[in-house]
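As structure tokens, the structure follows; a few thoughts come after it.
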Amino acid sequence: MDFSHSATAADYLGRVSDFVRTEIEPVEPEYHRALHASADPWTVLPVIGELKAKAQDQGLWNLFLPDTERGAGLSNVEYAPLAEQMGRSFIAPEVFNCNAPDTGNMEVLLQYGSPEQQEQWLAPLLRGEIRSAFCMTEPAVASSDATNMAATAVVKSDEIVINGRKWWSTGVGHPNCKFVIFMGLTDPEADRHRRHSMVLVPIDTEGVKVERMLSVFGHRDEPYGHGEVSFTDVRVPLSNVIAGPGRGFEIAQGRLGPGRIHHCMRLIGLAERSLGLACARASQREAFGKPLANLGGNRERIAKARIAINQARLLVLHTAWLLDTEGLAGARSEVSQIKVAVPNMALEVIDMAIQLHGAAGLSEDFPLAAAYSGARSLRLADGPDEVHMGLVARHELAAYKNG
Amino acid sequence: MDFSHSATAADYLGRVSDFVRTEIEPVEPEYHRALHASADPWTVLPVIGELKAKAQDQGLWNLFLPDTERGAGLSNVEYAPLAEQMGRSFIAPEVFNCNAPDTGNMEVLLQYGSPEQQEQWLAPLLRGEIRSAFCMTEPAVASSDATNMAATAVVKSDEIVINGRKWWSTGVGHPNCKFVIFMGLTDPEADRHRRHSMVLVPIDTEGVKVERMLSVFGHRDEPYGHGEVSFTDVRVPLSNVIAGPGRGFEIAQGRLGPGRIHHCMRLIGLAERSLGLACARASQREAFGKPLANLGGNRERIAKARIAINQARLLVLHTAWLLDTEGLAGARSEVSQIKVAVPNMALEVIDMAIQLHGAAGLSEDFPLAAAYSGARSLRLADGPDEVHMGLVARHELAAYKNG
Amino acid sequence: MDFSHSATAADYLGRVSDFVRTEIEPVEPEYHRALHASADPWTVLPVIGELKAKAQDQGLWNLFLPDTERGAGLSNVEYAPLAEQMGRSFIAPEVFNCNAPDTGNMEVLLQYGSPEQQEQWLAPLLRGEIRSAFCMTEPAVASSDATNMAATAVVKSDEIVINGRKWWSTGVGHPNCKFVIFMGLTDPEADRHRRHSMVLVPIDTEGVKVERMLSVFGHRDEPYGHGEVSFTDVRVPLSNVIAGPGRGFEIAQGRLGPGRIHHCMRLIGLAERSLGLACARASQREAFGKPLANLGGNRERIAKARIAINQARLLVLHTAWLLDTEGLAGARSEVSQIKVAVPNMALEVIDMAIQLHGAAGLSEDFPLAAAYSGARSLRLADGPDEVHMGLVARHELAAYKNG
Amino acid sequence: MDFSHSATAADYLGRVSDFVRTEIEPVEPEYHRALHASADPWTVLPVIGELKAKAQDQGLWNLFLPDTERGAGLSNVEYAPLAEQMGRSFIAPEVFNCNAPDTGNMEVLLQYGSPEQQEQWLAPLLRGEIRSAFCMTEPAVASSDATNMAATAVVKSDEIVINGRKWWSTGVGHPNCKFVIFMGLTDPEADRHRRHSMVLVPIDTEGVKVERMLSVFGHRDEPYGHGEVSFTDVRVPLSNVIAGPGRGFEIAQGRLGPGRIHHCMRLIGLAERSLGLACARASQREAFGKPLANLGGNRERIAKARIAINQARLLVLHTAWLLDTEGLAGARSEVSQIKVAVPNMALEVIDMAIQLHGAAGLSEDFPLAAAYSGARSLRLADGPDEVHMGLVARHELAAYKNG
């Protein structure tokens, strides 16, 4: 057993960590101020472009992609600590071209896309020129049960016709978002996991309408955002179906493992940053003649946060390693375990940090309230806690079932 | 021991409860939609005025005021259940002219105000014509320790001169907010609890500036809001000091007991409403072929919410009764106990309700995210949990101190 | 709403409280030492008889019994605070002739017993001359589901024949235990709640065998104990059936409400005593140059314990009042609520007190480990938490069911 | 990063795991029955000797010892998974000669003992012929603060004279316990960490008296036990001091790291076994027509237990690896982290398993109540949670201290 980073991973880790701390974190407060002061916050401020260029220059680009040619060729366990660093900041993931859902979309296109699809959609995504969204969750049904999905993608000769309403389509508010991957029901008679298709839909196709941008605990996460999107008789060529009709679930499956590891590692970075802010505040602020750190149970809360973060990080790293060595089939329970453990851990840590900041922690003066909102949404996104706990328990009980 | 409501209380309770359910809750969604759609949400929509008039007509007005002449003459334990009903809705407290911080300000003016102050400020507040704010918390110091307060209110012959910066001044964003009660340091040499004064400051006085409206978890709570206010050489007549210089702490003291009971009871109403929404959702929404109520631990969570709410309500009612029968001196620990117990309970219940709603629970489609934000702020407002736990422990250990 | 005690209740409360503190608590340590030093701890030490006589002399006897002639005529809400005082000590309940399961058995005999049954069994129980047990739970089935009950009580002409195995029959180890109330299946064809009977079985009847005394977390609770009892072709006259065959569930029902209130109030007394011990230890013991009370989160834990106890007490008192005013039918959810809330609260408080005592808290030098064991068993006895939460949720959701 | 076991570790792991499951677990119930049925449970049943011989035969002996000559030469991270397997059973540690406190005592003697001390005490310990205890904690002071230690070990020419009272001396009840390592104050004037000495004291030395065996939650853990031992003018040769007077703290320091890893890994084994029992029970037992696994929140609890165990195990393994690669100085916070995290995790899991077993889980029919008792004591032994959280927080805040 060896917990040290590979030489490659250690090198990237040092560089990404430095970049985040010296290039990104210092400009973040001003970035947010400027964004919220602008007439339209659904915009990309110039600083983002500059940072992207700098990151790309330094080879800190598409690090998530295991492909050695187009990405950095890192395994999941090597990339995970980089994702943690990026998670410290709201803008870092885009700066390194490693933000969801583009990462998942790129992986899907790389693995399942036709050469034409790759040329048209993957290439500009890899260059960071465009952005994309993913349309799966629906407002009218409990999406925790994916088989509830009701939107349709019906083959009509050489076209596929799309109807339905999706929401929580993250990134759809970004001005550069050029297409979505839509998932819908194609053949209700087919085998349970062969019924759905994934379709590439340019966002300006007729019949596609972003009805509104949703808020999460009052935050709209501009300029990415989470949209509610209606599809009304939207027609695209059959060649826009990824890997052919009926393969939606199979493809969705594949993006789950790495995607959840990325989400969880970013949350760990967010929790670390929150703990850091809490420690700084506890050391500097005084009440009743003492620094907050020396009052009541504050030190115990800081200790618990440290313990919780460390445990969660190890759980994700181990899951990443399992995914690398045994594939998704050998890491299914673990992938669900991190999906339960990490967001809940992050919420505890962030909430503790908020409390130590007093009312300031609730405001936009610190990134904590937004961090809480982001972590809270991950108890639901990609499956609620309850569904993942159910899966973990099923694995656990499998050995005990009556014959 | 008798847990039944007095006849008067029962009568009011039935009427307030009906009013909230039939007049207010049904218009709330449209109210919020209209408010957020308006160019300036710092506005009072006409429906508020209509509801206020109706409430006043029905004698459901100033119910919080124990004064029999100007208020309803209810004891704390009689008013508490009414506050619970009002707490179900964000707008109900104003509709009944029972919203913070106006309630506290009215009580202060009634008890400590000069006839002139009552005439000028209390009378229009009681009629619901104007609104007010309370300026105590400061950004630069840990306000959990009130003796940290640094803003000044210095007597200069027949004027009092105010300087400093306050924040979290709730209600200061309301277009009808006409004055604030400012608390500041008058005599640093005086006895520790005789140093501060409370001063009535018209909001349009020269040198008063609302610097910005703060957000709480992304919510700005328009049109009430929480403001950061700077005071620069603000001069008002000495007669604007309430009860004379140096009595700030004494007056602050008095408003704490009832104020905390009101806050807590409103939170219980909010928790009840959230539990109701959770039950409705759990009964109606289906996943994996069953209503959510029949999946996993959902029923246990609902049961725990019911148990937690009931316990918290009884704790507040008992505290209200203690306050009525023994005064603040006999209820000090209990007042701090509810301030710890109730917001934490409400957060648990609301969070559970959010989770049962899925991602919808995070959005503005349900009042849950805003409810969470409101409850979270009450773990800090009026003293953070930690300060109140410290007081409760001090009372508990008092009997055991070494002589 | 009036939280004050009735004059009668206040008078009893003062006297019981004094008796527990001055007569019982001081002799407890020596009592336990002597009991464990004796060759056979399944014995009644003389001090118990002396205390019983003294309690009876002072009219502090059978206070649980609402009957005005044979008991004190107190309502549930009046008796509850007395049960709390008794719960501070392991021996107090017997001293006041108010210990389970005799209290429940006396109530059953008073309400359902024939004159002959009352003469033979109730009278000596009321005088404290004999003791009894209750045989319901079975080792071979999940007793959380009472319809699983498999032991039989079959009518054979003028006799009833009993077969089966029961366990957790509390009190069966007591040398004065003269009979048990046995509950078993009489008519498997009858209506679901008319199948079982309750039968009075003298403990020396042929075929009755106490197989062993069980331990709870290593404690055997001598001289009361929890026995596993086998019944092999045990024959008693048909007149020993209480209220006639098939009425077992109906009778069991009736004892649940008051029984659970007694259990819960005693636990609150135990929690109070544990908190008192914790405060004393925290004030007296020093580490790192300070009393434990001033280290880390200890004060917060003490505050939380106070808040938790107060909430739980009020929940039980309110439930008692509901039972008094509306009967079991109006208090069903609440009775289950206290059964979940109180043992869990008590465990938290006792565990905190143990931790503050260091390793001493785990030992027999303090009553805390035994207290923990007793409270832990009440998360299972009389129905596990899970069953009670299920009932609470069912009540909660009843209003929301689809028509 | 590589989470796979080394070849050596994997080989041992397979063999230890098999041995525990095929040789030890099956005989455990009968072992406990026989032990408790025996007139004197402070005895070594023959089966223990047979199992020890078999383990020694198979080379599964002294595996904890990193020394390649006398032990297995395993690193901490290699031994940790073996300790987990041993922790599944109460008797396994002794069977493999890997039980506390003998392991710590052997390490101390190996590292600091003189050749004579090693010949006399270490050799027979390594052969499993004798056993030993460690006397550090004292009843009269808060031992969480080690500098409170009041017992004395005073040099008088060529003897050292010992006085004082120790308790929680684990293993002192074992019939083969031949000596204790006593820690006491030698020079109150010396530097704070040079005041104490460790002395080898044969248990039959005049003046050594085992006053009583303590219980932990009612368990006495025969035949090991936890003793209270008085030392009255006990005289042993100065050559019995380990490494010379004044080095007690230095030596104690060294045993902490591995010792805590062993304790924690054994607890993880205990938690795993408890989870296994819970799953088996949940699959087999039925209530309300379903296996318990399909009722209420039971699956969620099983999932949470799995997640908690996995996180805790990784935290301990990582700490073991840190200890191997950076020494105690580089793992101080982590060693305290596991000491907080693991016992609390184990208690949660065991308690859940108890609840799923119903009242049977509280009894001696399952190893769960004893497991709970053992895990509970580890929230205090080797330093209470609170002290370890304090250390973790101190490390965390170190970077933020004002210069």
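For reference, chains read A, B, C and D in written order, and residue numbers begin at 1 within each chain.
One rule holds in what follows: a residue touches a chain if its C-beta (ideal position, glycine included) is under 8 Å from a C-beta of that chain, and two chains touch if they have at least 3 such contacts.
Being a predicted model, the structure only gives us computed values, none of them experimental.
Seen from the Cα centre of chain A, the chain whose own Cα centre is farthest off is C. Comparing the chain pairs A-D and B-D, the larger number of C-beta pairs in contact belongs to A-D.
We define each chain's centre as the mean of its Cα atoms; on that basis chain C and chain D are separated by 37 Å.
Distance between chain A and chain D, defined via averaged C-alpha coordinates, is recorded as 43 Å.
With centres defined as mean CA coordinates, chain D is found 53 Å away from chain B. Looking at chain A, one finds that residues 296-297, 299-300, 386, 389-390 touch two or more other chains.
Those residues of chain C lying in contact with chain D across their complex are 137, 139, 142-145, 148, 167-168, 214-219, 285-288, 292, 295-298, 354-355, 358-364, 369-370, 372-373, 376-377, 379-381, 384-386, 389-390. Chain B contributes residues 296-297, 299-301 to its touches with chain D in the complex. Residues 1-6, 9, 77-78, 275, 279-280, 282-284, 293, 299-300, 302-304, 306-307, 310-312, 314-315, 317-318, 321-322, 325, 333-334, 337, 340-341, 386, 388-394, 396-397, 399-402 of chain A touch chain D in their complex.
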